[in-house]
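Labels run A, B and C following the written order; every chain starts at residue 1.
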Amino acid sequence: MLNYLRELIKIQSVSGSEEKLALYIKGEMEKYFDECEIDPMGNLICHKAGEGKKLLFCAHMDEIGFIVTTVDDKGFVHFAPVGGIDFVAAAYSKVVFENGIRGIMVPEEGLKSDDFKAEKFIVDIGAKDKKQAERLVKTGDTFAVEPSYTRLRGSRICGRPIDDKIACAILMAAAREADKFENDITFVFSVQEEVGIRGSKVAAFRCRPDYGIAIDVTATGDGHGSKPMAVSLGGGAAIKIKDSSVICDGALVKKMEQVADEKSIKWQREVLTFGGTDTASIQMAAAGCKVGAISVPTRYIHTANETIDTNDAQACLELVVALAETKL
Amino acid sequence: MNRKTEGIDLLRALCLEFGPSGCEDRVADLIKENIEGSYDELIEDRMGGVVALIRGNGKTDKKLMLNAHMDEVGFMVREIRDDGLICFSSMMGPDTRIMAGRKVTVGVPERLTRGVMAIKPVHTVDRGDRDKSAPIDEIYIDIGASSKEEAEKYVKIGDYGTFESDFVQFGENGRMLKAKALDDRLGCALMIETMRKIYANKDNLTYDVYFAFTCREELGMGGVKCTAHKVRPDYALVFEATAVADIHGVPEVSKVAVRGEGGAVSIMDRHTVYDKELTQLILDVSKEKDIPCQIKKYVSGGNDASHIQRSADGVKCAVISAPCGYIHTASDVVALSDYESMCELTLAVLERMNENA
Amino acid sequence: MLKTKELIEKLCDIMSVTGYEYKAADELSALVSPYFDSFYEAVGGAYVGVKKCGRENAPRLMIDAHFDEIGMIVTDIHEGGYLSFSHMGGLDRRIMAASEVYIYGKEKIYGVICAKPPHLQQKGEFKKLQKLDEMLIDTGYSKEELEKIVSIGDGIGFYEKTASLLGNRICGRSMDNKCCAAAAILAAATVEREKMECDIYVTLSFREEESMAGGCVMASYDIKPDAAIVTDVTFARFPGVDDYESVKMGEGPAVSLSAATDRRLTNKIISLAEGAGIKLQRTVDATNTGTNASALCMCGDGIPTAVVSVPLSCMHTYNEIIDTSDIEAAAEVFKTVACSKEIFA
């Protein structure tokens, strides 16, 4: 799983530009699943036929980033955010374009952090002037803060983008156990989650599952000055009750908790008072389906150092496999 | 209908009765029915209170007065609008957060009507005002009337009002009680139960005991002032409910007292420094008889003791209060064990005073 | 005979906090399934009651009333038996202090939302409302015992019960939208099958209070209705609420004139009601009806949708006020529509 994560982190996939990542994942998934196809929106849909209920798992491939709007006379690159960017976290960080060009994200001189917004920032790619810059970067190019993967003490790691590549890695690792699956399983690697939960909706409409479960990251309540929340880092796989986009199906939540208990998988309940996930769109596709979500507790989400405990991710992986092989 | 009850049923009946300050008649009637046959004499009280005397055997000429107030927080009808909605003046302070949305009872003792403290929908509150409580002049009592004419058949200007709120026993093994007016019907119930027990054993009673159920405490007017002036007691024990903040996250120093740890004995509050001797006697008895009781740990609030203490040529006063969460709302919450231990402690204190006399 | 007030009271007694509607299945089914040919739970989030006219390929009329009510969810359990909570649906923080709730854990337990005593308040603090995450519920349990009954994620509903005011008016918790559910059920229960020109699908849908596009949207996908009426509550006239966005209580239901709804269907409903002598008020919701209709009308191949709403006071408090005569009039409107040939012409 962590090997997958390291590979996935290296492949940039800002919302709308997930194709390269999709092809890489597809190459791996084809080894274990019967059918793997990329739908018109770019979602990767992998299917492993089974006897039981139709169960869909979904992880989003896209990461937050930026898109170039214009290049000015000084050769500075102006841009718009793609997804929820925290500019306090992004200021002065190194960014990478899809073609490998690097730059620094710089706010206007003297600007107070309260006034940070995209229009007040540029990326300095080291170009002398507009002409030179435009040879390297064009309007519409996407870029993101430099990827990284660092081991902290014990089982904790930090880096970016862990949201939501850890979930992709979890599903890829789960696929290796496909022989054990009882249910009819679909893994969806969705696009454009960070810009408003767009991709998973059409994927779920196509699959019409009985149950839909999204895998994503969630905030924790045990960080420095965190908002009160009962989720902790190292507390196990978080089983979502609600976030601001979705209320999970009560019966499915209970079932997930039961399966986790049976397999001695460490879990905790998650009530997130903000944020949204693919779970919402899966619930609302076509005639709807029963949904749940498994979250990896993550500190400093949407910064360059998203931090997780790999034991939690391992618990999420075990829960995915357990659900896939349990009669629902 | 026989309304004579005891224990929790007595407490329930007292709490559910309508009796805002200045309009305590229904509570007074209920109390009279419940003390019937447990006193020697009813003393006339010009303030509307109920004052009953149990005579001692004459071994001493000392007089003791027990006191609890009958009234509860409420409001008064100020205006009836053309659309049938009712405007009111608060008699419970300005905090509308505990009023908006509640069911209420409006009227006078012989004519009561249900209403709701209605507010405009939150959807129509300006975004910038969403952190503000409802202004008191934007809360209207809706009794379901569609015109002034219809409303005036049921409610008149100057009518009284209180919350309508169920009496609920809840929590682990039903150890908590929630009701409106636990402040101070709890004190009234305690005095009724005490009276019944004292009267049953009155042969040993060395001094005269006056049981004063009084009016208009919540307005700070102290209806008891005139009662004490008339009775001229030497000692007074006041039974009250006191605001506590024993909830999660409140620092120890601000909790005042803790529900479930017994009645709270005050050394001093904002209006009274209590009699040291009498207070110490209560604490001693509590310790010797192993009846829970705690010292109130915060100088806050005040009660009728201040009026009794300074009536006529002065009275030695002490107070025992039930720790009460969310006091002066429709949801006063006390621990049942505190009520029970207060009853027990009161009897033990009276016995000790009897011995000392 | 089915009594309106009694039906509303029984529906209100059923807890259906947004997200926990599934818990209502048994109680609700026992109460209302006798009035339908079939009654089932649609996977997308709605209870569906079907009453058929008996003819093959009859057109389908969907009447949607969301069944969820605002409430809360447990987010943490503290020493001394106190609970932290978050909202399910739009809570009105003006009414929270000292209000009473039920927590739906392994069993139903009672609690009081803590109010801050005056000695801990800053001067003038009573003018400000606490944030939800600063509020606590007092359950009267020790933490240990409480954890045996309540878990994070359990639902919380208000305690308040239905009670009568003057005349036809009643007050209580979750009138929004149980009173409209009652109107839809009443219509299906009392309409004469021989006179019906369509099959009626009453959807008591989930999650409206959180999403404004509750389970009715998904339920419609399988029902494939030819027309739909969404019935929900609207503001009754009240000081501080503009006349143009409110209607009079006791003067009948209101039909919504809006770009989000189907004007042809709406006009037919108006003329049918006029023909039948049913009082019908009008509201103008130019761009958005604020109900399930806005999402429902765009579902599947598209569904002609109208909104019939009922005036309600004190919306989103635990003592919402309605007039039962408005509910009966709304039921009459639905019956008239179901028995009309023109609607599906």
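Keep in mind that, in the parts below, a residue touches a chain if its C-beta (ideal position, glycine included) is under 8 Å from a C-beta of that chain, and two chains touch if they have at least 3 such contacts.
The shown structure was predicted, so the numbers you read here are calculated from the model rather than taken from an experiment.
Among the remaining chains, the Cα-based centre furthest from that of subunit C is the centre of B. When chain pairs are compared by contacting C-beta pairs, B-C ranks highest.
Taking the mean of each chain's C-alpha atoms as its centre, the chain lying closest to the overall protein C-alpha centroid is C.
Here the spacing of subunit B and subunit C, counted between their Cα centres, is 39 Å.
Measuring from the averaged C-alpha position of subunit A to that of subunit B gives a distance of 59 Å. Centroids of subunit A and subunit C (each the mean of its C-alpha atoms) stand 36 Å apart.
Partner subunit B is touched in their complex by these residues of subunit C: 78-82, 90, 92-100, 109-112, 114-120, 126-129, 136, 138-142, 145, 160, 163-167, 169, 171, 235, 237-242, 245, 249-250, 313-319, 321.
On the subunit C side of its complex with subunit A, the touching residues are 18-20, 22-23, 42-45, 73-76, 84, 86, 88, 133, 151-153, 207, 210, 213, 215, 217-219, 221-222.
Remark: subunit A residues 210, 221, 227-230, 241-242, 247-251, 253, 269-271, 273, 283-284, 286-290 touch subunit C in the complex.
Those residues of subunit B lying in contact with subunit C across their complex are 81, 83, 85, 93-98, 100-103, 113-124, 130-134, 138, 140, 142-146, 150, 154, 166, 168, 170-172, 175-176, 178, 243-250, 254, 256, 298, 300-301, 325-327, 329-331, 333.
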